[in-house]
Each structure stands twice: as structure tokens, then as C-alpha cells.
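In what comes next, chain A is part of two complexes: it sits with chain B in the first one and with chain C in the second one.
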Partner chain A sequence: MSTLEEEEQERDEVAGANEGAAAALTTPARLGAYMRRGTVTVPILTTLIAFIAGGFVVLLTGHNPFSTYKAIFNGTGLQWLFPWVTGSARSTAAFNLQQTLLATTPLILVGLAVAFAFRAGLFNIGGQGQYTVGGIAAVWIGSSFSSMPAFPHIVLAIAGAALAGAAWAGIAGALKATLGVNEVISTIMLNWIAIWGGVWLFGLGGPLQDPHQSSVPTSSPVAASAKLPVFWGNASLQGLDIGLFIALGAAVVFWVLLNRTRFGFEVRAVGLNPDAASYAGISVARSYFRVMAICGAFAGIAAAMDILGWKFSLFTNDIQFSTVGFIGIAVALLGRNSAVGVVFAALLFGALETGTSDRYLDPSVFDPNLASNLTWMIQGLIVLLVSTDVIALKVLSSGRGIRVLFKGRAKREEASA
Partner chain B sequence: MSVGTLAISPPRTASPKLIGIAGLVLSVVAWVITLPPFLVRTPVPSILIGVAAMSAGAYAFVNDERRIGFGAFALGTLAIAGAIGNTNSGVGHLKVVFTWSILVAAMLRYATPLLWAALGGIICERSGVINIALEGMMLMGAYFGIWGADVFGSWVIGVLIAIVAGGLLALVHAIFSIHLRANQVVSGTGINFLALGITGYFFIAHYGDNGTPSGISQVPNVKIPGIQHVGFFGNAIGDANLLTWIAILLVPALSFFLFRTRWGLRLRAVGEKPRAADTVGLSVIRTRYLAVVASGMLAALGGAYLSVAFVGSFNQNMTEGRGFIALAAVIFGKWRPAGALMATLLFGFASALADRLPTFSQSLGTLFQALPYLLTLVAVAGIVGRSRPPASIGIPYVKE
Partner chain C sequence: MADSARPALELRGITKKFGSVVANDRVDFDVYPGEVHALLGENGAGKSTLMSVLYGLYRPTDGEIMVDGQQVEIDSPARAIALGIGMVHQHFMLVPVMTVAENLVLGNEPTQAGGVLDLDAARTRVNELSARYGLAVDPDATIEDVTVGTQQRVEILRALYRGARILVTAQEVEDLMAVLGRLKEDGTGIVFISHKLGEVLLVADRITVLRRGKKIDTVRRAGATEQSLARLVVGRDVLLSVEKTPGHPDRASEPMLDVEDLHVRDDRDLEAVNGASLSVMGGEIVAIAGVDGNGQQELVEAITGLRTPTEGRITVAGEDVTGKGVNAATDAGVAHIPEDRQRRGLVLPFTLAENLALREYRRPYFSKGGWWRVRHIRERAFKLLGEYDVRGGDCDTFASALSGGNQQKVAIAREISCDPKLLVAHQPTRGLDVGAIEFVHRRLIEERDKGRGILLVSLEYDEVRALADRILVIYEGAIVGEFAPDASEEELGIAMTGGQKAPEATPA
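Let's look at the complex of A and B:
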């Protein structure tokens, strides 16, 4: 009950602030406030617009957008959900859907990592670096201690990845808290440091490179005891592991942490207005540090799911060309920084990633290399459109906005009254 | 000035700030004495000096000079590590890596794209619009520059097309952040994704798997007749690229524009107090549009330098975060062209060093690729005093 009241109060504060002094709130706070008041209409509309715009690019470069999108859809395996798909088409779809869900798992977690920061008014662009560091920890623990029993080994590897990610993001949090360093800059720099650090560790002659294949820049393979159990599909053919449930569990933790704990309340207060929060006795600096550490833990677990679930080793190429952390930004924004939204947005981007990859997209219809860039464009458009839905939402959620649209009619009504 | 301010002014001797700065200087000394031409072969003096630098930093930190203190401490640590590394490696190797004239030439090469983008960033942010999209604008310049140079057979046209492409992408950023009042950091991130997609898509669509052909017209280097063969200077600056020189000349020009002309004053006024600027009849909206588009053009030139001048080819995501380093250089340089030049030279030097370190060990050379980013982090965190951004940065302007 009390939380509900707080929520109400918070909304009133936001609404009140927006009447006159929008500038008094920080920009992320404003964005965060609007996002929580949104419905599902705007994200769906945003996605549709982005896909249509992407379709025009496909059309302009001489391809058929409909057959392209259909081929991408077939690659995702989502047609498995249709009961009329049977026989071999169904088993192919099942396999593809397993891959889509494997791609969705880390995106949920990285999306949560970005969303949690947004809720505190921080912009965590460092998901990629935190993911990288988490992956390094997971693969190191997973490939060592091979005599451990399975369950503790898995727990240890996930915990190690979470801690590594938390420590990495904690650097940005601590710099923000003590020196006021803008987290956008620091997390971007930490991304590159993590990436080059990882490439060094597993690269040729690096300290953690697999000693059994000295000419391959990769880590040692994860021991059988640290591999996550597969519950759907064939384990030797990269079936779906229980990582998906861990990710969904993390989404629940995210929701509970934000909405049902004192810490979550403080985080939201800091996100809405750090000055007011500080005046109310909340330590803003400590909140920043804790928030970033939790973000990093989410991103670190994301990497652990990939490593222990289906990658089983870490190639330097994977480290350099992975984009999971950046997609996480689009996931969080499209998901309005809410737990449920992040899960669905992650499914969308996970499906896009699988549907456009060179393994699952029919190259006779559309070049997968083009398709992956098409995905970037669609993501860019979605993020761009989300950045302004502050306005779209204003139009949708307040009568005033709509009145602006129908200015003439409003005046007439006033006149008749 | 009142009596009160005089009465509380701190004693001038050994202020924490000065001690912090001394720590920074000592850190540099600790590292440099192990390099040619000094070549001290034992790490002990460096460790002693470095520890002194770290204590100076710690002293400054606890006495409320947090940034300088942190910077001195971090730099002191790095200097000790670097010095130990230096003394453990052969003199021959050291002399190969630290051939100063070649290092300077490489520093200029690496600094040039950063400088272009940073100058663009200064114009944009001085007008009150955050430009995290420098990265995407550089990427646009890099691809469309090489595409233009290839298709039309001339680097001049390539560079012009790069400018147009960067300007167009910046126009999108302007529309979203000025007219639609978007969150500028988020819209900038979107622009970066968009640029990655657009350049990658057209690159694959046009060049396929083969990549750009060789022999594309490139921006020429400027051979300075007098000093081209004069030892150190000849190697260092005797053969630098045309775009490098233009960028360096642009630094005083932009300083003059920003701080000595009425147009510069207007630009800064719009970024500091848009309401006041509006009251005296300046168009905040138009000024910001011009500034954002100009920044896109300059950043695109940085990208075009990479592809059309430096490498002569393009690959996907070839800017590799340079736009973000440029953004850091803007902040590090306190939103001033001269400061940005210093910052980009520092990052350029780090890159140049990282490039030559594989002489020691291929594997460690990889690790040192992280050096520019680490240095950026330390620099932004520590060395500068709390730099103050333009007052109205990131706040969309609503005319009353």
C-alpha cells in the first residue's frame, strides 16, 4: 500500500514538474518518468515505423522487402508457434527458435543492466565491457576447477562473472560518485579497455590462452561440470539451456529490487531528481556506485549464460566483434526500462539477430551481411524514435497534447462554453 | 572584491593543488628517465619518484583536490609500471620503440581524425547540444569519402561527399535534439547505430565481400621543402598529410571565431543562456542547427581522413570508438580548441606508442592497444580540474 502511494506521489511530482520547470529535472529523469507512464502502443508503433523505414532501404537497393522480412522471420523459428507448421518444417523451426531464445537470454540480462542504470538517471553504455569482463571470468572459472561437482561449479562461475561485471561497472560508478566523472565517457572507455584486455588474455601468447592449441587465439574449453543443462533440443546440437530461466529470474529480481525494496525506492528517487533525493537524506553518491555495480552484475551474468550455455570457450574474435552490450541499449529503451518490456524487446532483437545471421537467413533471398547491417539501421531508428517519444507520450497521455493537435476544435469548444 | 574574500583566502605555500601538479610532473619524470636518451637501467629511482608522485596525489586527494590527486596517483602507478617494464627490456628495443621523430609523426597521424571530430564537438556542444554522435558522423565521412573518391576518381570530390554525408547525418541529430526535443544522449546513440548500419549496408551492397579496391585517389601529404630532410623535424613533420595541417591551422582559427568574433559570442550565448540570447533577437534554433550540422561536417572530415588519407580503404566500423575519444578530448580540453588539440595529441601519442610496442612482445602490444582508452579515462577523471560544460548543454530550448 505504502509503495503504491509513493508511486502515486512520484507520478504527481513528475506531472507537476513537467507543467512548468521541466529543466529542473535531469534529462534521463524526465525520460525515465515518461517511460514508466507509457503503454505498449508507443513501442509497437516505434518498431513498426523502424521496420517500414528499413523496408524502404531494402527496396531502394533493389531487393523485395516483403520476401526479405519473410526470410528473416523464417530464420527466427518463430513460426514454430503456429500450430499448422508440421513435419520437417516444424523441427527446423524448433531448432531455429532455440537459437533465437539463446540469443534472447543475454539480451534480457544486458537490457536489464542498461535499464537499471536508466532508472537511476544514469546512462550505462558500458554493457559491452561488463559483458566482456563477465565472460572472461566465466570462462576462466568454467575451464578451471574441473574436478568440482556440477551444481557448485555452475554457481561459482556465474557468481564470478557477476562479481567481475559488478567490479568493472563499479569503477564507473565510483568515478561518478567521488569525482563526478560522466558515466557515458567512463563506461565507453572501460568497454575498450575490457575488449583489448580480453584479446590480450586469450590472444596468441596471452596468459589465459588455451595451452593445448597454441596457434588458436581462444580460451581453454569449459569443463563439462560447468555447462548449463539443456532442456529443449539436442545438447550436442546447441539446444536451449536453462540460462533463459535465469534471465527471466533476473527480470523478476530487477522488478522486486526496484519496486519492493527501500533501495529501489532510493534509486528511483535519485533517478527522478538527484538534488531532491539528496535533500531527503539519500546518499546519491552511494546510490550511483551500487546501481552501477548491480548493472555490471546483470551484464556479467549475461556473459556467463553465453559461455556456460553454448559457447563453452571465448575466442578473441568473439570479444572484438560482439555487440550484445550495445544492443542492450536498444533493448532497454524499447522496453521502457521495465522488466516485462525488456523481456519482450530482447525477444525482438534476439529474433532479429538469429533471423539475419548467415546461418539461418536464406542467402538466395537476401545477403546476411546486408541483413545484419539492416538490423543496425532498424535498431538505430528505434533508439532515435524512442529518444523523442517523450513527445509522443506527452501527446498520448495528457489531454493538453491532444488539444494542441486539435487546436481549432478546442478553441471552438471554449467559445461555445 | 570584499574584505571577506581576502580574509578567507588560503595560504599560498604548498597548496594541495600545487602538490598534486608536482605529483603529475614527477610521474612523467619517473617514466621518462628510463627512456632514450636518459636510459636509466634500474627501476629504483623511478619507483622512488613514482611513490613520491603517488603520495603527492594522495595528499592532494585528501585535501579536496580530488581530480588532480586522483590523476597524480593513477599516473604515478602507471609510471612505475611503465618504468619497470622499460628497465626489464633491452636497450635496443627501447631505442626502436622510442625513436622520437617517428613517434611524433605517428602521433600526428593518430591525432588528426580525433582533432577534426573534437573541433566539431566543440562547436556543437558550445551551442548547447550534446554530440555523442560524433562517432557515427565520422563513420559516414569515412565510408562516403572513400566511395566518392573511388567513384569519381578524385579525393577532392570524395572529401566533399564526406562533408555532405556527415552534415546530413548531423541534420538528423539536429532535428531530433532541437525540434523534437529528444534526449540528446539517447538520440546520439541511435544516430551512431544508424550510421553503423547505413555505412555497413552500402559498403556491402556496393563492394560486396571484396572490400574497397586498391589505388583509390588519396589526400596527398605535404612535403615541406625546407625541413623535409632535416633530421628530427624531417621525420616528424616533413611529410604530414594535408588534412593534418588544415586541422592544426583550424585550431587557432576556431579559437578566434569562438572568442573574438560576434558570431562566436552568439554561439556561446546560445549554449550558455539561450533565453537571454533569444531576448536580444538571436535565433536559438537556427544557431543550434548551424552548429550541429557544422560539427557533423568537421567530424566527417576526421572520418574521411581515416579512409581517404590514412589507410586508403574502408572496413565496417572502421572508426572503432574514435568519435568517443574525440568527445572525451572535448571535455578534457574544457570545450576549447587549444585544449582539444593538446588532448588529441596526448591520445595520439598513446596510440603511436601502442603501435610500436609489439617490438617487445606481440601479446603485450595487444594489451597496449587499451592504452589510449585508459589514458582518456584517467585524463577525464583526474588531471583537469572540474571542467565546466556550457550551462545549457543538453536542455532543449522551448521558445516562450
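Let's look at the complex of A and C:
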């Protein structure tokens, strides 16, 4: 194209070093940029391929993949959307769908936590830790101050969880901004500190263990005033609480923040080209810190939704075995770091989780124990495929064949062809 | 020795194209055993491409390579090494936490039975080599603890350890000087890559000059002078004829830019700008001419707030902006057309509207109370794209979709539209075609005539002469001379290569 590019290349290659224009970006930044280029086609294809591959595995175990997937689908409750489902099937579906949406709620929020970082060129692996500290804060505030009126109590608990998550992720952001510590490493380490810190807090003899059940490693229960109101289904049977709307609201905030504020402009500039950002007078370091703090707030709120919505207490087992934060990475990747994408990807993973749960799957169709492994497998395949489709995008977009595959691409992209 | 019958290495008619760009155009080059053959040319002349072809990093589009008279295919650096071609990298390719001995044998480690690394053997080899070539290094020192000079020695030793009979190096000449005699005695052919005339004249037996991908000439050192080489390197076949009237510097007011005794360090913490002083009046174009790497980058970065100087003072229209950052510089009236529009000047995956907002996005027209004013931003972009005749896209086009010339127009539109007092244009026509170059040149002169101060930093000799009202020559981080725009090539060439200190700059 231009001799500039060529010169750049020339200089790099002889030095054998990767200091070119593109290489100035971090890996997550490049990943993020590539992922913004595809359309909705790619993630849908990705998901389909993962399901088909999963189907073959089901076949290998001697089961019928179609009836298995149908059973999983029924387990998600999504057939509630079909008007012809009536009677008791409908009320079962309604209950299942409530569970699916309960699982979707935190996934949206942790997905946003990972996606926001991606947009700034950061890889936030710390969703789990941020979720954990958010949960600790939510359960502590929720189980204390039981004399508070409901609304302020809920707001306080959510704000506390958001702040705790923000502070936790902010540590990684500050380390990155001041010392250049790689956020991948620091967030992973912070995950373990959060998890084992939580286990200590609520473990037997721990400072926040429920004083009324001295033999159970759990927190005190959340007071009634801090519980999120249930708007669909029976509150005593884990109906759907307003957390879903808070999560959807967070997705709107995510979009507005990125696309309609000055700060969002800075974040996107830093994510796509930190050199150009600092040339424009943006403090890249400060942006990193702020972005991480916002990510942590999203993840913290995710935990608050779970704690105040249906868990109502925090067992040390939960802390150790929760994987919500990690699934958030898959959600962000599949959702291509966009607000809408994250919502749908979270719904997919939430539905899978509910649909394959042994509570809802008919054992005569498929062994529920195998089923939850199937979830893991499909999740794994999606992550794998999402990562490879970044490579595929890169390879294909350099050739002309891709134009056919990605007809849905924005016309501005066509102009570049 | 230099006249051995057969060249150790011969490149014949090497052509390398990147898409439509021809980086090397039928280049011939050869080295005899025991000879130093310099490859001289400006940045982007195609030296590095040629050496990458030789080292197996690129496959040539056309042409052949002969080693010891045999035609060879070099498809990887491993193959090049096997053929006895050693590359001493300009940027160090050493593992900082390993010792000298470990680095030396890396990739070709002596092993004991069972594949265990034999470090004693490695150490012995280091000592042998350093004794043989008189390059003192401690085999057990860790690379990150030794000086840059030692690292350079290790790079050379590593190539020799691998049995290089042809050594390609772009290193500082002092390091090469130490081993040169011994290498020549051994019959090693040396390719010395440089853009510094003095160094080349110091060590080379023959000199080949590349310009814009083509071999211009091969000359013997005997009879060559800095002037004659400078002429070959800079060339004069492209004549840019922008109509220019003399500037009318506004000497009554304060200078738009005043730099006093500026010291700036580069990324490696070495002094890159070393006591530079200069000033730019409103209504004049002051050009900084010099060979690349003499502190231009750091000077520009200091003036535009991207780099904090260690000493000195920068004043923009009377306002002290020294070390206050980009935003303070922008507020004082500095605009900056950066050297590398793709790395710095634009966010390629951003739309043109977003790119056009990059300089002034904090101002209330673009964002108010933290909110982004999308409509304003688009309206402004629409106006600028028309005014600057940017083709190939509208407000919502990604910058990456535009041609280089149109990308540069976007960057220039943005920088000029913020109504700067001082416009710093760093290599503003780099990589542009002739039409786009003209546009940029005309625009710079127009802006000068509006009373702005323009600081042009350029490596293009023609550009400097075509635009400047005054030419300041920078050499090793200091301004070593001031010339009128009609100064001869020889005068400038000599000053640019530090050949002769011109009289001190007269105060503006």
C-alpha cells in the first residue's frame, strides 16, 4: 500500500524484532480489534459448530444427540416463549426459564467486566476474584444493618459490592499503570487471594462465619430487607428477581459509556492504539486504572445479584467452586465485547447451564452427569473456536474468499477491499 | 586480500516487491573475502530489505544469490547461518537473564552425553574467541549486567561462533573497528550497513549506494569524499517545485516557539537532544535538517509534550510548556503532524469523524460534561473532509480504508483545524506520492502565510529546501548550523554528517 508500511516492515524484519505499528498493541488489544471486525455471523457459526461437535460426542456415548439437545432445550425453559406450550408444561417451562435467567444475570455482568477491559486492550482474567470480593461485600452488608429499610439497604449492598470489586480490580489496574505489571498475571493472583481470603472469612472460626451455625462454613444469611424483589414466579421457590434488569441496565451503561462519553472515547482509543492515544494527550496509565476499576464494579455487582437475589448466603464451597467469573471470559469473547453480544452470549451460557443441570434433564434421555460435562465441553469448544476464529478472521480477511462469507459486514469494510 | 578472484557472496539482480511497492529493484551486490563492503543509503532506501533477503527473512521476487560461486536458495535464517552468513543485529537479540556464554551458544549448544548442556565447553569457546579477536568478555557475566558495548561484542562473537564467513552488521563503527583487522586477515567478508558517511569512509573498501530501492553506484573508498557520497545518497532526480514566496516572519511579536538549551533522553536513557536551542517566529517555516537518528524524534516529542526534557526550556508564544505534557502543549497552541501517521497520527480502526476529533476532543464543542457530542463531531468532520479534499470515505469510514495520502490529509486537517500557533510537521510527506506531497507542501506554506510558526523536521533534502525560510542542521542532538534555503547540497550534507562544524546559529 504505502511505502511507509513497507519501511516499517523492513526495519522490523531485519532487526528480527516485533516493534512495528501493529506490534505496538497488546495481544488482547489486537484480539479485541479483530473481533470487532466480524459480524454476528461468526459467533453464530462458532456456536453451531460447537453444538455439532458436542452432538458427535453424545453419539459416541450411544445416545441420540437430537433428543439430548431437545431435552436440554426443554430444561432451559425457553419453550415458554412458544405460545402453544400450555398447561403444566407451561408452568414448568416458566420455572425453568426463571432459573435460566437467574444464571444469565451474573454472566451478563461478568461478561461486561471482561469485555470492558478488552475494549481498552486489557485482558481481565480476574472476573472471578472481583466477583468473589463483590460477593463478600454484598453478603456482609446484606446480613448486617437488618434494621434498614429495604430500598437503601439493597442500594448500599450493591454499591458496596461494586466498590469492593472495583477496588480489587483497581489493584491490578494500578499495578499496570504504575509498574507495568501484566494484568493477566496480577488478576490471576488476585483471584486466588480473593478466593482463599473468602474461605478464611466464612470458614469455621472465621471472622464473618455465621455465629448461629458454628459448625457450618458459611456467612450469616442476608436480611429480608436486602433481598431483591422477585417479579416473576414464587419468591420462596427461587423466582426471577429484578437483578436481570440491573444486568441489562449495566449493558446499556456499558454501551453508553463507551460510545457516548468522552471517557469511552479515550478508552477505545487506548485499546485500539495506545501510541495515538498518548499523542492525543490521553493518559494511558490512568485509563488502564479506571477501566480496571469499572470492570471490577461490573463483576462485583454480578455477585451482589446472586447473593441478594437467590443465594442469600455465601458458603466457602461456593467461593471455591464458583466459575462464573471464568465463564465471563467466554461470554465476552463470544459476545465480541459488545453490549448486545454479551447479553446474548450470557443467555446462551446461562441456558446451557440450566438445561444440562441434573435437576431439569430427563435421565432416560441423557445421563445428567454426562450432561453437565457436555456443558463444559460446549463451553470449551466455543472458547477454542472463538480464539481460532480470530486467527481465521485474520487469515481469511487477507484473502478475497472471505467477502462471500462475511457479506453482512459493514459497507465501510467493503470500501477497504 | 580484497582482490581475491571470486566473491564470497554475490547478489544478482535482486528485486523485492511488497504489493505494488518495489523495495529493491534489480540490485547487484557482492563481497570478496577479507573485504569490507558498505551499503549506504537513507532510511527506506532498501538496505534492510536487501539484507533481509540475504538472511532468509524475505524471499526475493526476482534475482539470485551466490555463495562461493554456487547458486543458493536462502529460505530461512537457519539456512543463511549454515551457509556461513552471520547477522549482527542492530537491536540486540540477546536473552538478558542469561550469561554471555549461554547467549553465545544459544541455538547451537554444545552438549554432553544425554543432551545435557555443556557449559564448560561454551565457556571455553567464549574465551577462545575473545582471545582470538581481542574482544574481552567475561563468559559468566549476565547480559543485563554488562554494558551496551559488551553486548555488541557478544553479538559479533556469536556470529563468529556460528562460523560466519560473511558478516552483516549495522553496528556502531567503534565496535567493529576493534575486530576488523583480525576478521579481514581471516578472510571474512563484511557487509557494513550505514547511513553515516563518515563511518563508511572510515572502514569500507568499497561502497554501494542505494536510493529508493535501486543501486545507484558502487565506488571505491579511494577517491570518495563525503560530498561525493552525499550526492549519491541524497540524489536529486525528484524536483519539487512548490511556488513559494519568502516568508514574512513576524519579528515584532514573541516567537511562536523558543527552545533554550534543551536536553532530552531517549528510550534507552541516552542523551538524544544535547543542548539544542532554536526559535520559530510566526509566519516562517524553520526546517530541521539532519540524518535520521540525530535527535529529531526526541526534539519533536519534547516540544509536543510527549517526552519530558531533562534540562532546558520550551516556550510556546510566551507560555512555558516544558515537561507539562501534551494537553498543556495543545492548549498553548502546539499542533503536531507526527512522523508515523499509522502508529501515532491516527487510530486506524476509528472512523474519520473520531480521528478528526482526536486532538480537540476535550473542548466543549466535542464533548460537554463528559458527554460525547456525536452530531457536532460528525458535522465538523463533514466540513473538514470536504475542505481538505479527503477522498475514499466519509465520516463513518474507518481510517484504515484510506490511502496513505488521504490518511495524511486527515491528520493534517485535524492539526490545522485547531488553529495552532505552532505547527510541528515531522516528516509530513513520508511515504506519500508526488501529488499528495504537493498538497501537503502547499498547505504548509498557506498556513505559514496565515502567521503560524511552522517547524518542519524532515530527512528529505528536497523538502527542506523547498519549504524552509531558514534551515537548521541538527547533528548528534545539537543544532550545528543555520543556513539559508539556497544553501548548497554540499554545505548541508557536510553539516548533516558532522563533517564540519558550521558557524554557530545566528539569533533569529
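Remarks
Everything below uses one rule, namely that the second predicted complex is superposed on the first by the 364 of 417 C-alpha atoms of A that agree within 3 Å, B and C clash if a C-alpha of one lies under 4 Å from a C-alpha of the other, contacts with A are read in each partner's own complex, and residues count from 1 in each chain.
Just so we're on the same page, a residue touches a chain if its C-beta (ideal position, glycine included) is under 8 Å from a C-beta of that chain, and two chains touch if they have at least 3 such contacts.
Because the structure is a prediction, the values reported are computed rather than measured.
Within the superposed three-chain model, A:265 lies in touch with chain C and out of touch with chain B [touch as defined at top]. Touch counts on chain A: comparing chain C and chain B, the chain ahead is B.
When the shared chain is aligned, no partner comes close enough to touch A:70: not chain B, not chain C.
In the superposed pair of complexes, A:205 makes contact with chain B only, with no contact to chain C. In the overlay built on the shared chain, the residue A:90 is in contact with neither chain B nor chain C.
Looking at the shared chain after the overlay, A:175 reaches chain B, while chain C stays out of its contact range. When the shared chain is aligned, chain C comes close enough to touch A:280, but chain B does not. Contacts from chain C toward chain A in the complex involve residues 18-21, 23, 43-44, 46, 48-49, 51-52, 55, 57-58, 77, 89-91, 93, 170, 305-306, 325-327, 330, 336, 338, 340-351, 354, 357-359, 361-362, 366-367, 370-372, 374, 392-393, 396-398, 400-401, 403-404, 430-432. The residues of chain A lying in touch with chain C in their complex are 1-11, 13-17, 19, 21, 24, 33, 36, 259-265, 268-269, 272-273, 275-281, 412-413, 415-416. On chain A, the positions that touch chain B within their shared complex are 23, 27-28, 30-31, 57, 61, 123, 125, 175, 178-182, 184-186, 188-193, 195-197, 199-200, 203-206, 326, 329-330, 333, 367, 369-370, 372-388, 390-391.
Those residues of chain B that touch chain A in the complex are listed here as 66-67, 70, 132, 172, 176, 180-187, 189-198, 200-202, 204-205, 209, 316, 321, 324, 327-328, 331, 361-364, 366-367, 369-370, 373-374, 376-377, 380-382, 386, 394-395.
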